[in-house]
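Labels for the chains are A, B, C and D, by order of writing; each one numbers its residues from 1.
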Amino acid sequence: MSTTAFLTDSTLCIGCKACEVACKEWNQISEDGYEWSGHSYDNTQAVGHSTWRHVKFVENPVEIGLGGNSGEQLPAWGFSSDVCKHCEVAGCLEACPTGAIVRMEFGAVFVQPDVCNGCSYCVVSCPFGVVQKNEEDGRAFKCTFCSDRQKAGLAPACAKACPTESIKFGNLEELRLEAQLRVKELEARGIHDAVVYDPLDTSVKGIHALFLLRGDPRSYNLPPHPEVPTTYMKKGWTSAAIAAGVMLGATLLAFLGERR
Amino acid sequence: MLPKLLSRWPLVRQIQTGGDGTGPEVMTERTHTLGPRTNGAQVARSVCPYCGVGCGQLIFHKDNKLVSIEGDPESPISRGRLCPKGADSFELLTHPHRELKVKYRRPFSTDWEDLDLEVAMDMIADRVWKSREKSFVETQDGQSLMQTKAIGHLGGATLDNEENYLIKKLFTGGLGMVCVSNQARI
Amino acid sequence: MAENHPVGFQWVMEARHKGAKVIHVDPRYTRTSAMADYWLPLRAGTDIIFLGALINYTLTHDRYFREYVVHYTNAPIILREDFRDTEDLGGIFSGWDKEKQAYSPETWLYEGAPSADSPSGEKAGHSQAGGGHGKDRGGEAGRLYKYNDDPTLQNPRCVFQVLKSHFARYTPELVERACGIPKEKFLQVADVFISASGPEKTGAICYAVGWTQHSKGPQIIRAAAILQLLLGNIGRPGGGILALRGHATIQGSTDIPTLYDILPGYLPMPFFGSDSQKLESYIKKHGSETGWWANFDRYIISLLKAWYGDAATQSNDFCFNYLPRVTGDHSHFGYWLDMADGKMEGLFVMGQNPGVGAPNAKLQRTALSKLKWLVVRDFVETETASFWKDSPEVQRGELNPKNIATEIFFLPASGHAEKDGSYTNTQRLVQFHEKAVDALGDNRSETWFVYHLGRRLKAKAAKEPTPRNAALNALTWDYNTHGKHGEPVVDEIDGEINGYRVENRTLVSGYRDLKNNGSTACGCWIYSGMMPAPDENKARKREPHGLYGHGWGYAWPSDRRILYNRASARPDGKPWSERKKLVWWDEEKKEWTGHDIPDFTKKKPPDHKPDKDARGDDALAGDKPFIMHPDGTGWIWVPSGLKDGPLPTHYEPLESISSNPLYPEVPVNPVAKKMERPDNPYAFEGGDARFPYILSTYRLTEHHTGGGMTRYLSHLAELQPELFAEISPELAAELDIQHGEYITISSARSAIEARALITARIKPLLVEGRNVHQVCVPYQFGYKGLVTGSVPNDLLAISEEPNVRIMETKALVCNVKRGRLPQGKAGLEVWKEEMRRPA
Amino acid sequence: MSRVPLPEVPNRLPDVESERRLNEIRRTAAQSGMVTAKGVTPVGAPFPQASPETGYYGVPLLKEPQWTKEVPLYFFVGGAAGAAAVIASAAHLFTQDDDLVHSARWVAAAGGILSPALLTLDLGRPSRFLNMLRVFKLQSPMSVGAWTLTAFSSFSAAAAFANAIRQKLDSTPVYVLENIAGALATATGLVMASYTGVLIGATTIPVWNNNIETLPPHFAASGMNSAVSILELLGHENSRSLNLLGMAAAGYESLEGLMLETKRTRINEPLRKGKSGWIVRLGGVLSGPLPLALRIAYAITGNKKLRRAASWSSIAGSLLTRFGWVQAGHASAKDHRIPLELPESVPKVGMSSHELADMHMKMA
């Protein structure tokens, strides 16, 4: 089976949140609470254990005459549907001590709910703040990439529901290419601020949920340089080894002095 | 026995395969056999009950129970897609706040009480009959009127065409009710 | 459209991808604006000025599609000499009867078209009692197939020239002054839209039903229709005007109406009066001599046969007198006000929630307390069902359950997966939804409810065979039932709707089979053909093919996907262009053919010239695509059928911050009804200092109408969990409002509270040299459900537009101030205080 | 109630003056996306922003650690136990102080038993801890730690058990067993004392991963500091070696504290500011300079009270250090500016949802 991926194209997203609901319906996840945030129309705030797809709303200056498809300025209202990135090198996957998190044959990073023990080490290992422990249930949850559906050859629920094909689902390399072509196409249409978010040059080595956005990805809470925490490990273990050695030496030395 | 037991320990499989603990060697039976819960379900072809676009829906059901509601990819209108409301149709039909019992409120009462459905139907028929008897006008100025204005109907525009047909036929054609209205104006 | 019809919007996105330009005109910058190429905000309620200016621009720049206009519209037709325009009379058309506050449409007729004679003197389509549905029978007021025309469009009295002068003052400057759209922005957009015209191009106008919710709503749509006719965009692929309707079968609910003034298939209810005593005079009044409506008699007689069966015979006028007569305004608002005055006893509310969803919701709820009995059928205990228990009126002490005599029955209703049935979508497409599972508990479908209620009532009537019970006794009600709950067989109902031959009950294959002698029965003629055989319900069909999805469901009439598609071919029958071909004349086979089913008599050649005394469809020439009209033309000018004028004219909303810039003497639509009374008061006309801001309501993607189908659902409720009001940063600064804090919004009817969502997407508009602020509130909250909030519809007034009795919801006036609305009685005091301020 | 249209604009509508002001406000709003006119509160803009300057309405990008209080407690216990195992072996090797060996073995063993218990408390039920042993993942410090802990618990328990038997029955096999188990417990104990630094360092939490090089020695020193102190309080207050070790550990902790105080980076802010800052600082003082001074004073004066005070201080400091670092992790995760690489300081824009909620609490 080839590696599958999402390409979430913000220039086609109408912010309807169908993905968010379709995801919750299919995966039978509970609501997030009924808090009004005042952050434009975004009341679910971020992906987490009970929100696996999440639509972000970004407001920019408005000008009479200009719709969001105009290239003259950033769209006055931008939407982008966030999701687990299913990183090429995934922090959560590396960190999981139980083997609960696995890489499926189609590349998804999947938390096996029957194994996860809720150690929540994955929570602090995700550079995108995706995976989260459900405190009531005691286990960690995140987007499964609809692995149950994918196993049967079905598209993930969010991509299927998306009314405007803003969420494309398909082969990773094909979508990577498509994203580049789309940026070129937008260029040709006079939209010069479109970018593809796919951190290939960081230790994450690319993601399986690509995003096409207009403007700075940081407005959409996407980090410029996400790093997999394992990159820090070498330094850490070296330093731990030295510390252990020094500690052993110092102890021996201290007691050696007491030898009669 | 023991080797078999040991082979169920992912660590052993990990050592055998040389895996790094993220692949098939650590997957459980559940993960290996994962599949959509719509597997083996029956499918009814349906239409979204929310707005007027009329998106196609597939209703998956098993043993007289709903399993899932999804867009119908064959629909030339919606091509399998749904909006957030349409995508939430399953919850619409299964949420815990849906009423499943008749509720009756006596005049001047401060609370609901239970009522049997058939009894309720009889009582409603009695009320309709009494109000109609009292208010029905057969003629006015020697011209046929055949009308009652004492009973009204207000229908939602999510009622089926067949339902509307029966309502109009019985209420207007049979009972002579003229105060029959609907969300649909234009 | 992206907001409320996201899935339909995919086609707009696809068109955009193929190079179409998307223009969005809305007071708010919405999710649709975000996808559009151009966004223009306008002052709510000034739509006709905007559209009028587009019309004016099209005419003055000679950008109309001349060949289309000359052949297919009534632009060349010459009008009567005694017609006077609003431009001549300062805001009213000729025919105004000041006493009756109504128009006589006589002078609007074509020159040479004799007025139809009517014993009652009342013109069909202009009946005071009528609610105006089914007006496209058209032309009943006169014999409109007789007219004089000037194909050069030069005659000063031809429709074209009258149109030109009528809209001459609708200039870009006026748009800037009155709508608040800068002139150059308007001109830029006007040029883009008007370019979508001609043989190679088309443009479409899509609107949500909010556009109709104005005191001149249908005239707004008319203005759009005029523009589209001028640009040749009707009946052609990629053209048209698409109403994006808000409910699953709101189209079906007018086709097979539960409305007071029409019968199924847009046949008018008999209005009380001398010309409705006999079937013959009724047919004469409402039928038409030419055009498709000449078949009117077949349809009404077949309907009577379907309802009254064997009892309906030639000798008793097919039981025509069993039908009740309409004596006045029995529409929702008409009878609701009667209810408020204690004039009604009982009410059925099925699947609607007027306690939240209807204007002046406070009055809607309070009126219910005057009923003897009320039956509510819904999924959940709606605000309507529980008005006596936990409404704001109860909290404020205005209502006390202990004093409310209303006996209430709440019956839970089945959902779409629990019953068989069909919906008609916004494109007239009838689609069947199959039953998947049995309904739980006491849940039943409306067919079950009505059928079994009818059974009980018929049993009572059978015991008392009095004249008043004759209709009930004759009513055909012999549907078979099936299943656990004894549900009526829906296909049998569809068979009756489709129509059958009385003698052997075989189904007819379409409305062309229907007869006027009682040998056929048909429940709704426009749906005839949907079920030509017992095992062939086309609404169930799921085999789409071709460009237009034929084979999927059934689009009435006759499975035509684009109405009046004869207009997609040139007068000589050839497609306008290869790119835009849809239906054309096949010279070899001598018949119309194409990608869609031709909306035209198949064998009628393009060069058909009618005989002098031809009647019906034969009377229409081969180049007249608009077959439902007696003259076969697309109506730029409406000679008969509209109560407020043959052309759209700008009037201010019933509540406005400004006076009418065009006609200072006639501020609002003179025919609109304000239904003003103590429980439905208004702000002063022309600017009321107490209410300096425009109030507009709208729907959110995440909720559905009054919220009964969404506010109880966790996955939707969490997405929009609280009522908010969108205001501009400028207004917030002026009123010192902080983002997210509660504000109190008041109108002449009531006061509500909402969270302030301050956003630059709402722009103050420069209107008549001053900044005008618009306050936009989603109307979908109430006091029941997982997420609750004030009921914004409490702020709105009940009003009736004259043609279809629709209310004005998009343009009213309000005041805004910081702080919450106190609970209970104190809240009422706050509103009273607002009202006492100097006007 | 209708009346003739008003000839003039009603006075409630904006007059010329306020028109001018509004246009001014509108211009500012268009330029900066925020309104700063006088009288507009809060300072900044009237609505929250999502932009390259502010991030996404200030919503944190990273998730906060979701460990319970048992986890930092485990860091402390595990660290102390690991260090105790090292002390036991060293003492066994080089001294005749069997009491000390005995105590140290028992402290190590007790820690080895307490640690999995604490982790089980964090996870909810025992079977969940066992899941850690399904696989061994070198790339996961948590997996390495879990296996190390399991080994350490076994070895330290075995060593303590053998030690207990040896007290009654001094036979060679028991002696050998104790030595082997003790050596293995020492080896794993060294990892126990230092790996938790890698554990939190190899995460996405900026304040942790930014200090990954200093965390293992910091935690190791802290573990040693507390192990020494516990043993002292258990009655081994005469051991000069322990005092020396205590001085060394406290000395290192003092250096660490100095380093943290001087490395005033934005990422390290949670170590200096706020609740976590206070805990870390207090922990630093209590485990660094204070016990160091007390121990030196003790070495000079021989006043055992001073040494006892140093022990208590070290234990408290060591505990606080672990809690402080975890707390700092929370604060760091909440700071969206670091992972988004936003400019250090911008004017406060709008209100956070927290502030909004507070405001509404007050208003309600």
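The working rule: contacts are C-beta pairs under 8 Å (C-beta built on N, C-alpha and C of every residue); 3 or more make two chains touch, one makes a residue touch a chain.
Please read all numbers here as calculations on a predicted model, not as lab measurements.
Of the two chain pairs shown, B-C and B-D, the one joined by more C-beta contacts is B-C. The central chain of the assembly on a C-alpha centroid basis is B. Between the CA-based centres of chain B and chain C the separation comes to 26 Å, rounded to the whole angstrom. Remark: chain B and chain D have CA centroids separated by 52 Å (rounded to whole angstrom). With centres defined as mean CA coordinates, chain C is found 45 Å away from chain A. Chain A and chain D have Cα centroids lying 26 Å from one another. Among all residues of chain B, those that touch two or more other chains are 10, 21-22, 25-26, 69, 78, 81-86, 88, 91. Multi-chain contact residues of chain A (touching two or more other chains) are listed as 16-18, 20-21, 25, 35, 38, 40, 59, 61, 94, 96, 99, 115, 163. Residue positions 29, 33, 47-48, 134-135, 137, 139-140, 143, 351, 356 of chain D are each in touch with at least two other chains.
The part of chain D that touches chain C in the complex is made up of residues 1-6, 9-14, 18-19, 22-23, 25-26, 29, 33, 35, 37, 39-42, 45-48, 350-351, 356, 359-360, 363. Of all residues in chain A, only 35, 37-40, 42, 45-46, 48, 56-61, 63, 91, 94-100, 115-121, 123-133, 135, 138, 215-216, 218-221, 223-227, 229-230, 232-233, 235-237, 239-240, 242-244, 246-248, 250-252, 254-260 touch chain D in the complex they form. Only residues 657, 659-660, 664, 667, 674, 676, 681-682, 684-690, 692, 729-730, 732-734, 736-742, 757-760, 764, 768, 770-771, 819-820 of chain C touch chain D when the two sit together in their complex. Only residues 42, 44-57, 59, 61, 64-66, 69, 72, 74-79, 81-86, 88-89, 91-93, 95, 97-112, 115, 117, 120-125, 127-129, 131, 134-136, 138, 140, 143-186 of chain B touch chain C when the two sit together in their complex. By the touch criterion given at the top, residues 16-18, 20-22, 25-26, 93-94, 96, 99, 101-103, 105, 110, 112, 114-115, 147-149, 151-152, 154, 157, 160-163 of chain A touch chain B in their complex.
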